[in-house]
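Residue numbering begins at 1 within each chain, and the chains themselves are lettered A, B, C, D, E and F in the order written.
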Amino acid sequence: MKYFIGRLGDWRTTSLVALAVTATVLSLFIFPAVALAQDEAAATASQEQEAAYTLNTLVMFLCAVLVLFMQAGFAMLEVGMNAAKNTINILFKNVMDLSVGVLLFFFIGFGLMYPGGDYEGKWFGFGGTGISGMDMGPAVDATADYSPSADFLFQVAFAATAATIVSGAVAGRMHFKSYLVYSAILTGLIYPISGMWKWGGGWLDAMGFQDFAGSVVVHAVGGFAGLAGAIVLGPRIGRFVQGKSVAMPGHNITFAALGVLILWVGWYGFNPGSQLTYWGADNASITTYIAVTTTLSAAAGAVAAMVVGWVMFNKPDVTMALNGALAGLVGITANCDQVALWASIVIGLVSGLLVVVGIMLLDKLSIDDPVGAWPVHGLCGIWGGLATGIFGTAEGVSFGTQLIGTAVICAWAFFTMLIVFAILKAAGILRVSAEEETRGLDISEHGMHAYPQIQLTEDHVSPVGA
Amino acid sequence: MKLIVAIIQPSRLEAVKSALTEVEVFRLTLMDVQGFGRQKGHTETFRGHDLAVNLLRKVRLEIAVNDAFVERAIQAITKGGRTGDEGEIGDGKIFVLPMDDCIRIRTGERGNEAI
Amino acid sequence: MKYFIGRLGDWRTTSLVALAVTATVLSLFIFPAVALAQDEAAATASQEQEAAYTLNTLVMFLCAVLVLFMQAGFAMLEVGMNAAKNTINILFKNVMDLSVGVLLFFFIGFGLMYPGGDYEGKWFGFGGTGISGMDMGPAVDATADYSPSADFLFQVAFAATAATIVSGAVAGRMHFKSYLVYSAILTGLIYPISGMWKWGGGWLDAMGFQDFAGSVVVHAVGGFAGLAGAIVLGPRIGRFVQGKSVAMPGHNITFAALGVLILWVGWYGFNPGSQLTYWGADNASITTYIAVTTTLSAAAGAVAAMVVGWVMFNKPDVTMALNGALAGLVGITANCDQVALWASIVIGLVSGLLVVVGIMLLDKLSIDDPVGAWPVHGLCGIWGGLATGIFGTAEGVSFGTQLIGTAVICAWAFFTMLIVFAILKAAGILRVSAEEETRGLDISEHGMHAYPQIQLTEDHVSPVGA
Amino acid sequence: MKYFIGRLGDWRTTSLVALAVTATVLSLFIFPAVALAQDEAAATASQEQEAAYTLNTLVMFLCAVLVLFMQAGFAMLEVGMNAAKNTINILFKNVMDLSVGVLLFFFIGFGLMYPGGDYEGKWFGFGGTGISGMDMGPAVDATADYSPSADFLFQVAFAATAATIVSGAVAGRMHFKSYLVYSAILTGLIYPISGMWKWGGGWLDAMGFQDFAGSVVVHAVGGFAGLAGAIVLGPRIGRFVQGKSVAMPGHNITFAALGVLILWVGWYGFNPGSQLTYWGADNASITTYIAVTTTLSAAAGAVAAMVVGWVMFNKPDVTMALNGALAGLVGITANCDQVALWASIVIGLVSGLLVVVGIMLLDKLSIDDPVGAWPVHGLCGIWGGLATGIFGTAEGVSFGTQLIGTAVICAWAFFTMLIVFAILKAAGILRVSAEEETRGLDISEHGMHAYPQIQLTEDHVSPVGA
Amino acid sequence: MKLIVAIIQPSRLEAVKSALTEVEVFRLTLMDVQGFGRQKGHTETFRGHDLAVNLLRKVRLEIAVNDAFVERAIQAITKGGRTGDEGEIGDGKIFVLPMDDCIRIRTGERGNEAI
Amino acid sequence: MKLIVAIIQPSRLEAVKSALTEVEVFRLTLMDVQGFGRQKGHTETFRGHDLAVNLLRKVRLEIAVNDAFVERAIQAITKGGRTGDEGEIGDGKIFVLPMDDCIRIRTGERGNEAI
């Protein structure tokens, strides 16, 4: 009987996935008609327009590929910074963030985030399922800046990034099925709704809030969603002993460093790609300018975090430097198009400092965020939003507006996800049992070892003084 | 002189070490081992295959002690090694072996002083 | 004496490589003349043609780089899914698939696959060694769509992909030197010949067979060559005990997942790149449309395989999800340019289901394919070919033709390679001895450990019931 | 007291980093003015110029991203080829080569390397700090070939490559802080000064010395700097026992192979990207021609090194093949634009041979270069320079000039770095103590294990006969 | 009570375990070890260097038994542990050590019952 | 017959092996272990946290010898096992255990010949 209910429990949640499948089948009858209707509409465009459309579309496509590559970076970073016994679980979550994310963003998210001109300045809108104006044949509208498919690909890569940030913050103790539910809600609802406020032409955009490539819209959303998860879940067993913070070292720093280097590379899709139109000397110039500010900030972040860590802990700590590079990347994301080069270095230096402070702050508050998702993406996401107000040179940029926009989006992500996690907790499917956690999610959730041939030791390290 | 060999749960290592420290046993050698006993193993899967894992991770302690320390060491391990209040199947065993001699490599000391 | 013969045996096969070297030297006297003759021929082209040529060439180049990156993906996937004791061997095979493949495709393969217009509708042709119409200087013919070098680079990357698929299917028991022989034959002969039938303008192309980016031409060829290898070699020791299939878990799932994510990324070169001409709003639009169908199918494949695996084995199995993503990618490869978005999701879902079924089928048949090369590339390659007939919207596409083309190419790859492997077996150089296999190919074939500092356990896991 | 001096010692060197930070603050007051002044200067350009500028800039940007990705390749290769106990240290060095390198190249290096037209034919010049003619807004000069930011990004990626090559040669025994000093000097001074001689329009360029993408300017500089480091540092403990060379196997060959495959892929940015202008059928054609020679040489290098290794050591050794592929890539780098295809194969074959010879030569000389940085980058860098004189077809190329240019640059890198390393040695901060080395740099320098859950064995292998 | 220590070939582990099960010895502890004996090692290479690997992978079993079980356990290990019919050099050794006491951690039982 | 168990520094392994070879002790079994004794551990860090690592890497040798070899084996290990001239804290211990029997698995030989 108990067994039967257990199965049911599984089913209740996997049925979510089944739902997505059903949605597919339903849509079978909707899409083709739309597509055919638009077939004829393909407008004729001037030669220059044609060239611009071509180039914008293809460069955006290549940038989207770089952003998608970041999934590998996140996977490696998160795996490396956690215990070996949770490796399968983390990899699985990352693959599913992307896969479930793609499908849900396709069915719901894209329509919510880019509802179209009718919803300008609004809080909410829905432009329909799938990708409007998208067709398998010739360009629907060659006078547009780029193809709708390139746009979708680029946007879905961003959505998957926001989702995957959380994975690291909740590592080691969350039920896999609950994670799937979370992931679906974030990419299908939470992210696109606040994303619409800015990038979909919603109220924050109308207000003049600026966030070029998503320090706030993407990273802070992921970071604060992760914080909500970390708080509701509570720390891993043994992470705080009698109020004292105990390190739980990651099992493979090579993977972690590889992950960061991949993320750094992927960011060249994330930030420069967000220019969206690259055609023309001016656009191309700005696109590469963005790449330079991004690089300088990342480098400054790594150096600052190394120095700060060195001073504070008396040894140069590579995990700090790695987090610092990411912090610099997050911090510059909102303003990479509009700050001076010196400012990009300052933004990176501050980001590198902030990430160390953020990690220590969470330790003080006894919040367990295994990979530092909040310090990197949440805190430096805020910093990116505010730095735009401080160093930004774009017309109309104002610190006040930046403050409001940043605060609102962070609060949105934090509180909605707090509710989602709280509901999952109330339903009793959020956190695995202590025994399952101790054995590791790989065995308890997936019945597999990531490294079956290696005898791993886990308990032979103790906090100083114990 | 005796050599005490104890097979314990990895999760009890810290507790056993504390208990031993309390009875003033400060030195030991440990290694990771795999145990096969009454405790049931679990099932793993790989691409749709079930694998029975009957060998369970244990930690093996090796402690050389003077005769006077044997009983307290055994008590300490027993106390620290139990999972929960009652102990659980799989908590392991202690084996007491006679030992003829003990030598400290650094000094060449022998016998009881060397332990 | 015995020793001497042993050395001879080595030599007989390494001499194959020597042959390639000799071929190089011979060609020294052929190429320069050709090149010089064409030097002057460079035609003048209109400005639009020039722009198109430039853009097509450069985007194809970048796509080729993405496809070449897939080599890293295959290496990581195959290494991760096999025992640690065969790691060096697998890495070596992958590096050599690429290196030997590049040289042989240059000397023979490219000429066989693209023999030129004279062989239209034919079964066989040879356009000469090297790259015709290729020159180090200015564009030979600027009215062409793209440069011959870009074309060669793109095609050679495909050939290396086909070759490397097999590596996984024969892992753990094949002599390294035999593998080199196989690899040379596949990239030099088997793949280019059937490739010519379709992409070289041969008889299948004339018949109307469609395979956009190679579900059949590349993946099914690799998959069925691998199947032939797996059959002739027989299973690894311990893989089937008394008719019962026994799992031999891969040693590092992190590497496997990294490999799949790299492959996913590389596929954006494979499929969209196969558009070949990207200039113009229409082409650019289709290129990115292809990227979207590819993404949707991969995501659907991963989700479907996860769900099916979850239902069947009662635990979510990440190796299934990873294989499912690849399956979705293979399934959409033939038709990514001509199916509706909903259809791409359906194709992915079916692929995800098929791959699980395929893995179980091989187990039933006691065929040992360590990484699932056949289920992923062979079975889903067929599915991709047939799905083109079902969901395809291109003019002239017909299920019947798809069935014929798919069947013929699969049979070609399977039977020719069956013969090659059988000959190697008859020569006694196909499979290593039981003792060598047990010790692992790394030590017995290469005298090296991949992880010399780690004590690896191998035998401590037994099938249920044993 | 001793403790206090120890702290001071740390501080003396970390203060170097602090200096960089100060420099930033100073520059705050210089940049904005420059930027604003140029704002208005944006010239109008013809449509064709505009298209060329756009395409050149964007393709250069993408190539720069590929080159930056090589950092991940170097990190993986070097980590994999060394003992596990030095992993953190190597990763940290690689991340810092990039981060410190970016900042120093920005402040000093770029101005030294590209001082501008006034310094044509000179030995030395300084064009100012930062990136001249760079602006965050529209293109400063749309009649230029590409944006200054794209240029900077591409060049800084090269500088970081030169720096990171050394990391492998000095692995396992050098103080981290000394490495930071070295890295800063190389990217800030040594590399840009000799780089200016050729690429900055200096005296070697005026003389007709040719080095397309940097076999000499980048790789030989890195290789010889590494050699200087390896000599001054002396071999690792246990590497040469009674004059006999003892292997110290790398701990993870999978990482090493992944690194090489990433480097191979990254090289498509390095070589083809060095065409700098890609617009027009001719440029595009040459760009991809370069990609093909690069590919052929890499493949030939891998095959040659495998064969040579197989003949000499009686077993196919994957580390040789991997080094061979890199050797082929280095050898073709100087001349990839101007040699015939057959020549590119010959260059690769010779490179593959040379790398094996180079490794054995260092062993004979009792020089310990853990990853073979000198054989790969130094020796094959020389070969690349000379091969340009042998096989090159560009106008004015001469073997004599190549010989001079190659010799001068190698000597420059070798002797200046010899001095730098000697000074560090005299200051007593070059090499860690024997005890620290034995325990590994990860613990002694960084207080961290890369793989804390794995029990690693180190001493259980002994040289034959011992 | 005796403590039987057996060094066997990793490839014979399954056979030894079956043989022990047949004689009703169900509990044991095992660990991975490296052996140095008459069996020749092999040569490895790394970048053109030969390395002699004299230390060979073995598995070490530790089995506490009552006196009555000693002989059967030895027979079972000898039977299961031989490679091929004749056995091969390197098949390993069994050491029988006297044991003074045995304690089950969970219950505190001692002596023969605890084994 | 005795079973000699020696816990030594990993860095002394080669020296101990040579010294044993000199006194004609050719066979042994070794394993990686972690030791806890008088030798101080070190402090590690991870993201700003200090971790005390008290368990230090050691190698454990197990050597079965006939009575006549016991003393020389002990001397050899003591000689080879010392770090520097004086030895250092942490150089380890030798434990000598009585052994009732020894069996060679391949041949079934028992007692002194089997060692």
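The criterion applied here is as follows: a contact is a pair of C-beta atoms (placed from the backbone, for glycine too) under 8 Å apart; a residue touches a chain by one contact, two chains touch by 3 or more.
Computed from a predicted structure; not experimentally measured.
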Separation of subunit C from subunit E, taking each centre as the mean of its C-alpha atoms, in whole Å: 46
Expressed in whole Å, how far the mean CA point of subunit B lies from that of subunit E is 19
In whole angstrom, the CA-centroid distance of subunit A from subunit E equals 52
Among all residues of subunit D, which ones touch two or more of the remaining chains? 51, 55, 62, 249-250, 252, 315, 317, 319, 446-449, 452, 454-455, 457-458, 460-462, 466
Subunit B, residues touching no fewer than two other chains: 31-32, 34, 43-46, 55, 97-98
Among line, ring, star, complete and other, the chain touch graph is other
State which pairs of chains touch, listing all of them. A-B, A-C, A-D, A-F, B-C, B-E, B-F, C-D, C-E, D-E, D-F, E-F
Given the complex, residues on subunit B that touch subunit A span 10-11, 13-14, 32, 34, 42-46, 57, 59
Could you list, by residue number, the parts of subunit E that touch subunit D in their complex? 34, 43-55
Which of the residues in subunit D end up touching subunit A in this complex? 10, 14, 17-18, 20-21, 24, 27-28, 31-32, 35, 42, 45, 47, 49-51, 53-55, 57-58, 60-62, 64-65, 68-69, 71-72, 75-76, 79, 87-88, 91-92, 94-96, 98-103, 106, 130-131, 134-140, 142, 146-147, 149-150, 152-153, 156, 176, 252, 255, 445-455
Residues of subunit A defined as touching subunit F within the complex: 245-250, 309, 312-313, 315, 317, 319-320, 323, 356, 359-360, 363, 372, 460-466
What residues on subunit A touch subunit B, complex-wise? 438, 443, 446-449, 452, 455, 457-460, 462, 466
